[in-house]
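Should a chain be cited, it is by its letter among A, B, C and D, assigned in written order, with residues numbered from 1 in that chain.
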Amino acid sequence: MSIHEWFKRKQKAKEPVQTRERLDIPGNLWVKCYKCGQAIFSRDLEANLKVCPKCQYHFRLTAGERIRQLVDEGTFKEIDPKVRSRDFLEFKDSRPYAKRIEASILKSSLSDAIVTGTCQIAKQPAALGIMDFSFMGGSMGSVVGEKIARLIELACEKKLPVIILSASGGARMQEGIMSLMQMAKTSAALGKLRETGLPYVSICTDPTTGGTSASYAMLGDINIAEPNALIGFAGPRVIEQTIRQKLPPGFQRSEYLLEHGMIDVVCHRKELRLTLSRILNWFNER
Amino acid sequence: MKDKSKKLSGIMLDFEKPLQELYDKLDNLTAVSDEGKLEMTEEIRLMEKRIESARRDIYSKLTPIQIVQVARHMKRPTTLEHIDSIFTDFVELHGDRNFADDPALVTGIAKLDSRSVVVMGHQKGRTTKENIYRRFGMANPEGYRKALRVMRIAERYNKPIISFIDTSGAYPGIGAEERGQAEAIAKNLREMAELTVPFIAVVTGEGGSGGALGIGMGNRVLMLEFAIYSVISPEGCASILFRDAKRANEAAVAMKITAPDLLELGVVDEIIKEPIGGAHSDGKLTSHLIKAAIIKNLDPLLKLSHRELIADRYNKFRKMGVFLED
Amino acid sequence: MSIHEWFKRKQKAKEPVQTRERLDIPGNLWVKCYKCGQAIFSRDLEANLKVCPKCQYHFRLTAGERIRQLVDEGTFKEIDPKVRSRDFLEFKDSRPYAKRIEASILKSSLSDAIVTGTCQIAKQPAALGIMDFSFMGGSMGSVVGEKIARLIELACEKKLPVIILSASGGARMQEGIMSLMQMAKTSAALGKLRETGLPYVSICTDPTTGGTSASYAMLGDINIAEPNALIGFAGPRVIEQTIRQKLPPGFQRSEYLLEHGMIDVVCHRKELRLTLSRILNWFNER
Amino acid sequence: MKDKSKKLSGIMLDFEKPLQELYDKLDNLTAVSDEGKLEMTEEIRLMEKRIESARRDIYSKLTPIQIVQVARHMKRPTTLEHIDSIFTDFVELHGDRNFADDPALVTGIAKLDSRSVVVMGHQKGRTTKENIYRRFGMANPEGYRKALRVMRIAERYNKPIISFIDTSGAYPGIGAEERGQAEAIAKNLREMAELTVPFIAVVTGEGGSGGALGIGMGNRVLMLEFAIYSVISPEGCASILFRDAKRANEAAVAMKITAPDLLELGVVDEIIKEPIGGAHSDGKLTSHLIKAAIIKNLDPLLKLSHRELIADRYNKFRKMGVFLED
């Protein structure tokens, strides 16, 4: 349902994708903030964790950027880098799914929309999953589900807390029902984690919608969100079409969800590492 | 019979139109017969046979998008009708103990022959008024939370759970989002995985996305012959991927949403045959076929321990997914 | 807080108390329905389980009447009939608490606001507690709390399901903080029952408010309510004073609570025994 | 010092008025001293001693209704202030995962020295605006449900729970009733009884009825010297029993709501002394006294097993009640 949104957003509000591209081009030294229009020197934006210094707009991050910002240097060990999507339905819209996968891999140099591994954060070990919106809108197919399930099972085995950063438009339509089943698979794995007595912290970043929000993203012992992230089940447009009514301001944004009891902490990117380390420390110490 | 054909013709699906002619003929025959002018019993019998055979023929060759129409048929038996036919001593339980009772998802306790079970399912309406009240079977978070509450009763007292899935999806409304539609479904998924009791889910009509899965993590997932189950509606898929909702037929084919497709993908364990002409042509019989399938699948599960039941469910969903690795 | 209400109600809306008295006087053959005004022949009212045949108004019942209506004849065995209230705070308002107790005992021929025991309902054994509003407005003091706790402990021991019919304005102010603690005591006992794996069915009758509603009355595996019963935490007048606003129609009535998710079944008195027997049977059979 | 006396006098309680004269004198002395005309250090010291002694004297003879005033004092330290002084690494957790976050009841994780604990408490405001936001510390069902959620986190990860009680009661509003104020409190009571972790409740200000008890079923219940704890407010009690809210003083006496009364009744385990002149005269010191009492009571509980903790709590509340039997 909300993969819906992902596609629509891709066509219309191209901002985050563009941003990434611009920043990737060497010599493109200035970036314009998509919220306030401020021109920001690339290096300053980078140094500011890709948060607009003027309006605090949080630019989207790649998995690599997340690792650099959050994880103790050199401690991230990726697992399952070779799990890749397969076009088992031979699904074809304007382009065959197989081609889409290929193109996305080439463009992003990721194998799919999530990177998983073990790491240390402020010297505390954790199992970490990081979704990357730049890979097919962070859509959740068999690979995302499998890698999350494996990450959690590894955490159960090694007694690690689990942290997942979500950035996803929802299920990957090109895998049909199988993408829906990833919601069940990942949630079941989290059930096992819980039974094992290990903590799980979910971090919702812009956007966290559809099947992703209706499974692992909402199931943290503690749910954190970055400011102003879009978080919800149904996409705003689907809701507007259904109820034939304008949506209230701030609807489905982090602060709104905080007020409505779904999020524990709305955390500025600058505070994220500190907050995470406090939380991990709290779980670890008696 | 006259009434029946009229009633059916009133809500005939496009592809059923060839039957209309036959029904008209049947009507004529019975009219003549009723007037006492001629003894037409044999002719009537033959015509009925012809209709049945034509129906069988049509229903054996349905395309995916036609199956979608059957799955959504206004006269398709609803959850409460199945409950009424399959179980006895039903006591409907209301409310999530938090915010509201959701009429789009009904729950309760009942007896399946001598077994005490918990039942639940999405509930569509028959009339427009009823459908507005039932929100067309699209549940709010309260529906999923009620279901969870009742599943926990089942677990606490060690009773099996039977769920009936028939929704185009969870309700996409402002209130639903505010009150945590995503959270409610997500929590159900995690909790269903950990249930220590046998759980059988039956996809009876539309299995729409997370709204269906939210009560669907059975140890066994059964599916009516002309039900569908998909991650997004064919129209939704088409309007996104082909930029044209009218190409829903292509989307219905591409997404593999019919019972045989899902059986092959391993998402569904068993297909329950529908009466000739689909569930709407004989609701009672459909219920009885469902009942037999439930009992057949439930009884072996009753022999499993709590741990085995959890492991069984975990393994079932754990292995779902197709990917490459080298 | 809602014992508040009880007193106020006692002063203003005397109906249920009067009803009982009228019906107790031999020769008083006609009763007027307090809702619709219908004159009803006493014997007909009795035969109709004290429900107005015209408007279905459910008259309040004594504990004795409840037993006659619900329990298999001759199967009710009372426990703890000798537990009585004590004026340990030497509490005195217009009248000393000790005198109030004495008078209530004389008037009601009950020892306090609840009767507890074991019984059979449609041949199924159960532990049964029945509150009686006619004893100091069904207020919950040490005796009510103690008798409920003992009832539940007995149920744990004998493996019986527990059924409690509430009819109470809330805590008994004359026992101060100790009446508040009965909420904790009874709820803790229900926790133990739950851990023991035994079911509990709560039946809310008119009224079930204050401390009673905020403890055992709301904790049923299944919560049943008689039609149009007042059920809530704060009393309607306290709420009106706080929010300076009129209350919506039907507020805090059974049907309203059903709609708001707090009650499983609103059950006409004529269906109560059947519904209970179905529920007990469901719990009992595998 | 000048500032301090002014600030205090601005919110002086009736019975503190005798101190006003002394504070005025102190102001004069310090003014003279500040102007450099005379060296008044010794006089100032003596006056401060006199004030302290007068304060001590007044606070040693408070009547119940005066204690009520102290317990409700606008400057009495609030839960978040206590948390700030007692714990480190506090992360506030928001929301009940159902409907809303309730600012009238705050919860979070924190460290008590090296121990990981869960903390929670009713939160009153300091200003009118804040008080409206915090609903004067009167929680909605969401507050109690958030508390329960966080208590379950404590239980899942085996951390002790510390709660701070300071509310005139659960909020009596339409929405609160609709969303099950009674249910929320009742469920908390049952679930608190079954917690497998050490639980210490501290009545820091007003312990108002079910709204207080809703987070109050500790293995140990501690109480500040001038806090109160009662089944109904003295005003509420008086308006019902004496038909006159102004007779609250009588009700306050009759209901036995002060710390010594409650200690005697066995409802409270320990009284925490307040600084001279009450908690509002020195918030930091109050917090430190509370901290010491928490640690003293917590450490023995940390040695108990899950079963022992449940039994300890059960027995504590099971024996509450006074009645006759013969």
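Quick note on the criterion: contacts are C-beta pairs under 8 Å (C-beta built on N, C-alpha and C of every residue); 3 or more make two chains touch, one makes a residue touch a chain.
Model, not experiment: these values are computed from the prediction.
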| item | value |
| --- | --- |
| Farthest chain (mean CA position) relative to subunit C | A |
| Between B-C and A-B, the pair joined by more C-beta contacts | A-B |
| Separation of mean Cα positions, subunit D and subunit C [Å, integer] | 33 |
| Interchain centroid distance [CA atoms averaged], subunit A/subunit C, Å | 52 |
| Subunit B and subunit C, separation of their C-alpha mean positions in angstrom | 42 |
| Residues of subunit D touching at least two other chains | 97-99, 179-180, 183, 187 |
| Residues of subunit C touching at least two other chains | 194, 260-262 |
| Chain contact graph, described as a line, ring, star, complete graph or other shape | other |
| Interfacial residue positions of subunit B with respect to subunit D in the complex | 97-99, 141, 145, 179-180, 183, 187 |
| Complex contacts: residues of subunit C adjacent to subunit B | 194, 197, 199, 221-222, 258-265, 275, 278-279, 281-283, 285-286 |
| Contact footprint of subunit B on subunit A as seen in their complex | 1, 3-4, 7-8, 80, 82-86, 88-89, 91-94, 141-143, 145-146, 149, 171, 173, 175-185, 187-192, 194-195, 210-211, 213-219, 231-235, 238-239, 242-243, 245, 247-248, 251-252, 256, 260-262 |
| Contact set on subunit B toward subunit C in their complex | 89, 91-101, 109-111, 114-116, 142, 146, 153, 156-159 |
| Residues of subunit B touching subunit A in the complex | 169-174, 176-183, 185-187, 189-191, 193-194, 209-210, 213-214, 216-217, 229-232, 236-237, 239-242, 254-257, 262, 265, 267, 313-314, 317-318, 320-326 |
